[in-house]
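Letters A, B, C and D mark the chains in the order given here, with residues in each chain numbered from 1 onward.
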Amino acid sequence: MPGADTAEGRQTAAPAIELRGISKAFGPVQANRDISLKVMPGTIHGIVGENGAGKSTLMSILYGFYKADAGEIFVGGQKTLIPDSQAAIKAGIGMVFQHFKLVQNFTVLENVILGVEEGARLKASLAKARGSLKRLAEEYELNVDPDAKIEDLSVGHQQRVEILKALYRQADILILDEPTGVLTPAEADHLFRILDNLKAEGKTIVLITHKLREIMAVTDTVSVMRRGEMTATLETATTSPEELAELMVGRKVLLRVDKKPAQPGQTVLEVEDLHVTDEDGVARLKGVSFHVRAGEILGIAGVAGNGQSHLLEVLGGVREATGRIRVNGQDIDLTGKHSDGRSRRARGIAHVPEDRQRQGLVMAFKAWENMILGYHHDPAYQKNRFLMDNAAIRTESAASMQRFDVRPPNPNLAARNFSGGNQQKIVLAREIERSPDLLLVGQPTRGVDIGAIEFIHQSILDLRDAGKAILLVSVELEEILSMSDRIAVIFDGLIMGERLPDETDEKELGLLMAGITDTEAPPDFETIEAALDAAAGPGDAPHG
Amino acid sequence: MDKMPRWADIVLIPVFSLVLAFLLSGLVIVAIGEDPVAAVKLMVTGALGSTYGWGYTLYYATNFLFTGLAFAVANHARLFNIGAEGQATLGGLGVAFVCLAIPWPHWALALPAAIIGGALFGAAWAFLPAWLQAKRGSHIVITTIMFNFIGASLLNYMLVNVMRPTGSMDPATARFPPGAHLPTLHDLLAVFGIPFSKAAPANISFLVAIAACVLVWLLIWRTRLGYEIRAQGHSEPAAVYAGIRPVRIVVLAMLISGALAGCMAVNNVMGEAERLVLNAVEGAGFIGIAVALMGRSHPFGVFLAAILFGFLYQGGAELALWTTIPRELIVVIQALVILFTGALDNMVRMPLEKLFLSMRKGRG
Amino acid sequence: EPAMIYDLGGKFDKSFNEAAFGGAERWSEETGGSYREIELQSEAQREQALRRFAEAGLNPIVMAGFAFGSVLEEVAPDYPDTKFQIIDMVVEADNVRSLVFSEHEGSYLVGMMAAMASETGTVGFVGGMDIPLIRKFACGYVQGVMAANPDATVIQNMTGTTPAAWNDPVKGGELTRAQISQGADVIYAAAGGTGVGVLQTAADEDILSIGVDSNQNYLHPGQVLTSMVKRVDVAVYDAFKAGPDLETGVFVLGLAEGGVDYAVDEHNEDLLTEEMIAAVEDAKAKIIAGELVVHDYMSDNTCPVK
Amino acid sequence: MDFATVLQVLDSTVRLATPLLLACLAGLFSERSGIFDIGLEGKMLFAAFFSAAIAAVTGSVWLGLLAGIASSMALAGIHGLASITFRGNQLISGVAINFLAAGLTVVIAQDWFQQGGRTPSLLGGARFGPLTLPFAETLRDVPVFGPIYHDLISGHTILVYVAFAMVPLTWWVLYRSRFGLRLRAVGDAPEAVDTAGVSVIRMRFTAVAICGVLCGVAGAYLATALQAGFVKDMTAGRGYIALAALIFSKWRPWYALSATLLFGLLQAVALRYQNIEMGGFVLPVQVMDALPYILTVVILAGFVGRAIPPRAGGSPYVKEQ
């Protein structure tokens, strides 16, 4: 019940957080310019803005991670100096970063106590934290195995650990930077219920997200950032997604995917009885079969960690497998010399990997070098037998970046200097421009702002309409539902079933994703929740 | 988007760092009761003030060019090849075999053969560590350290028991036949009527080294293999995604690295000593690491750093010849140069960046 | 003004180069003259130093070490007015004086002493690196041991194959312990700085050691049996004294010439029995007289005894 | 090989392994915190010299040890300054430190003692003597255990026991203490440590300082316990071997003990059995000399497998580009 009793609190109490005139430059980049912001205690405040608008920077300053060049911070009405995170923690501020700050090979417990140990010996601290964690878990429905290693947890669970960390430090003010970027809708719903609980306890929450739906659903007030400046602060109740989108991007944005009906042609990809075992000897795909036709998008829905990543990697030639795959009727090697990405590309398969920063791009390479990653053997890029034609590559890349509206369209900039959304556009430009017979896309819009999402979705649809086959893997059910022509749900290495988008809904898909096929007697929420928890296997790296 | 103009980064910072290193070296020289100004003068005139000085400076620089390039190529694939020392040792063996095997009629025939010999042996010595790293994950730093020791033993055995002429006191091979003697810079420049000191050992290998620089530059930045090496070096997952086979890259990069290190023998063994002696590499493999890192693994940077170290070696020799400054002091100066230009460069960069940033702001 | 060029080991290698340094210093002290010197840092500097010193008019130029042989062969003819003296190597040139020491003879004598001083019948040898020169030392030593006690056992070890082998006293110490555990109670070290470790450990473990090149008896008084001195210092001193009039040619400095010997001084006289001295002096006389020939490893690259 | 010989070889193993172990644990602290250190060699050498020099001057080995530790820490401080404060290249800094130590020790030694870059030989109280453990003499005649206790376990210098005690201590610190938790974290995810309110810089400097202390002890052990004075370059590449052992042990304390003991054993065996005859053919000494290194490669390739260094190792912690 947002609004009711906090409204009058707002007039009397001092703001939980007040920022005045915050500015921050990274070298020549002005990430924040003279920003002021007030957040009242016991409210949820949303911040939206394009990629690179400066949202994370602003919050990192509040958390003492970066030092502001200018400006003041007031916590609970008191002017507070926050030179480092220690000071922020003391001031009761907790933050869940966009890129989690967890020690991967530590247990949950170790991560939680790091920095707030009780004494020089760990034993007592660990025992105490175990107790508190149990209490917190019950209080807020934040179940995680305290002895699990972070690297073995799904991203959803990793995020819970981050929240637990903040709560364990008794944060009154909780900042969450794009918390739902990697969560399934169910996990996201769960998170928002937790946030509601926290708010009910009088805690203050700042939520950064690209999903306007979430802003509308949970926040009391919302601010919009654009190019380092705070352009508007509104009562959520008085605004609409369309207005926010326009404030963010500076133009009207189409929030719904607008697609023509599919015109499927002949079968391009046939997968039969695919089995994959990973490095640790765990079976990840246990006999998957499906097909994709030209001119259609097959969406694969599933909780992260149920094999869809492995499926993409096998198809993309990153991983070996057993079984049978045919593309355009020809068999594809799944092991040996001809099972690598180069061979796949030769067969007309293009692959937009789930993790653009780890796989899709060489972050230290310039944009133009990334624009040929995987296609560098293409004769078009060779000057002669020995040398590559860098000038030609650069020209072509510049044109293609122009077409895909990569900003800035400068092929000489290193990939790491582009914002997340633009990095994704570089990968898409590279893969789509080659007009492949089959496009594999993993999490195409993860962490990407709404302006870019619109563009990416349109590009994929254009490829489909050009008669190409597309396999779309996404944990965003909304994206799957709006983009796919058919939907296959994967659970624990098996395809649980196929549905048509108009004949199903999020709820049914959610059940399938939890491995529940018996739709006759829908189980109660707790069971789904628990099943989804169980479904979440080892996670992927947090997105970039 | 840089904080500083490129020229400042490339010119100002090394110069300031060098100045700092020399200031500190000066203090050490004062501390042991010598005249630092005279010492620096002697070093500069001794190393750069005559064709004789240049001849030695370039001779040393040639050694460091090969080992520096060797390290740089491997480093582009994120392989820390600490084994240039051993690979250059083996390269010496290869060059010696080639030079002694045939009574070479002319150096123009012997040189390419020796390059191939040195490169093959150097590459061979790099192969096993590379293969073990690629296939078994055996850490390349350990294996190459071990191969340095094993290489020293092998050379010792070969020289003492196999290649030494009977009755010779010296654990060294026989002198190479005259047909395998390389022309020195004196001989080469004489063709163009340019006088150059006859005594200095700099020889045609210097040109080979420069050619190697250009080839490495082309390899790394202009070929598919170089592209793949760099991709693998920056991100293995991305390389695998792109269809690049890590095993192949690791092995190839190390073979090239070892071959380059092996080629050093063309300079010191064939060009200078004209026979193979024990410990012919004399730590050039380790200097190569510093040279490559200081040169930021770019052939041009490696070139500059190699010349700098050639200068330090020759300048140091002049100090040793004409003063009582102990030779270890030269090692100290080298250490300070490495430290300030290679590791403490940010000490100079940070204030400079601030300066440039405020200047830019001041302008607009 | 004379000049001295030390080999890569440096003038403080506690043995060969240091002896040369000692000779030069003695000359300088006695005559008040000054001299130039350089400690080489790299192979390429051999030729450089020779030429630079010759061009600077330094005369004579003395160099210590067989490794100069090949370079001197080339350089000497270019400076006919300069006299060169090379130690440990023969270079045939008009202006070169070549000095070779009969280390095998000196080693033979200390070998005899080792065998006689040993109570266990096992003695040791620690060399720096497996190179012909060190084998020459070893071979002479073993012959001496066998001459004094045909049933004796000699344990021979080399330190390593990299230049570190000459500067690793820790490894020298460990080799010494290994030899002691195999019964050795007298150990002869011909290993530069590594020898320091051999002598030290021998002293620590209460056995006897034998020094090399310089007289090292003083290092551990009463615990160094003797030292096989090689009078490099005298060779340098004489050359400096002769100045530009240095007589050229090939000279072999053996026991007869006083080029090698065993050292007796106040630090070790208590260790030497009369019987020992008598036997050694007898052998020495025979060698000088030519009645006894100690096999030189260098003559045929083999050693008749193990 | 009889029992006594086995004991002697093992005894030698312990002595050869001790400096490696100390240096290896030193590297462990540094690298676990994310600071790579190929300057172990230089720090040991520096400490070897200063410990011997001060012990020679004062006649007290304890003052020598302190001086050794202090000097090694000074070099560690330079390494920290370069790689933590100024975010320089850690490898270059390490290389520079090795050079610096190799040069400065001899220059200073010559300046102080005029003995050709050596220190005077240390006598009596200027050296660590062997410790006889309680009951070593009485138990000597007990079969099997007696000789093991008397010959192998007893009779080393105190620094050997310190080195071996460092293993469980390091383990405890690393895995059971607050400091260790933070140390492991800072080498793997410095940003996690930073956002948890702990200073990355302070953690790393502390780790580098500990590295300095342990290298100091290792150097002092070489010069004042195993030997009786400093000789130039007397570390003879042990720092690099320790580095290899560190990787071998995958940055873990007990494995570090096994790795350094293994290296020590291989060397002890190679030293003891230098002239092996195989069917009338004497193995060349060079083969035995290379044997420890060859076996290391074989063991590494055959049994050890992939070693994954601390994730953040080698790169400075940079928040803002």
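In this text, a contact is a pair of C-beta atoms (placed from the backbone, for glycine too) under 8 Å apart; a residue touches a chain by one contact, two chains touch by 3 or more.
A quick note: this is a predicted structure, and the numbers were derived from the prediction, not measured.
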item	value
Contacts common to subunit B and subunit D (chain labels)	A, C
Pair of chains with maximal C-beta contact number	B-D
Distance from the mean Cα position of subunit C to that of subunit B, given in whole angstrom	35
Subunit A-subunit C separation of Cα centroids, rounded to whole Å	75
Whole-Å separation of chain centres (CA-atom averages), subunit A against subunit B	47
Overlap residues in subunit D, where contacts from two or more other chains coincide	110, 117, 232, 237, 284, 286, 289-290
Interface hub residues of subunit C, defined as touching at least two other chains	10, 130, 161-162
Shared interface positions of subunit A, touching two or more other chains	27
Touch relationships between chains, expressed as pairs	A-B, A-D, B-C, B-D, C-D
Complex contacts: residues of subunit B adjacent to subunit C	56, 59-60, 149, 152-153, 155-156, 160, 164, 166-172, 175, 199, 201, 268, 272-273, 275, 277-280, 282, 313, 316-317, 320-322, 326-327, 330
Subunit B-touching residues of subunit C, taken from the complex the two chains share	10, 36, 38-39, 41-45, 47-49, 51-53, 66-67, 69-70, 88-89, 129-133, 161-163, 298-301
For the subunit C and subunit D complex, residues of the former touching the latter	10-14, 18, 130, 156-158, 160-162, 164, 167-171, 173-175, 177-178, 181-182, 193, 196-197, 200, 204, 219-220
Complex contact set, residues of subunit D against subunit A	176-182, 184-185, 188-189, 191-199, 311, 319-321
Of all residues in subunit A, those that touch subunit D in their complex	26-27, 63, 65-66, 84-89, 95, 97, 101-106, 110-111, 113-117, 119-123, 125, 165
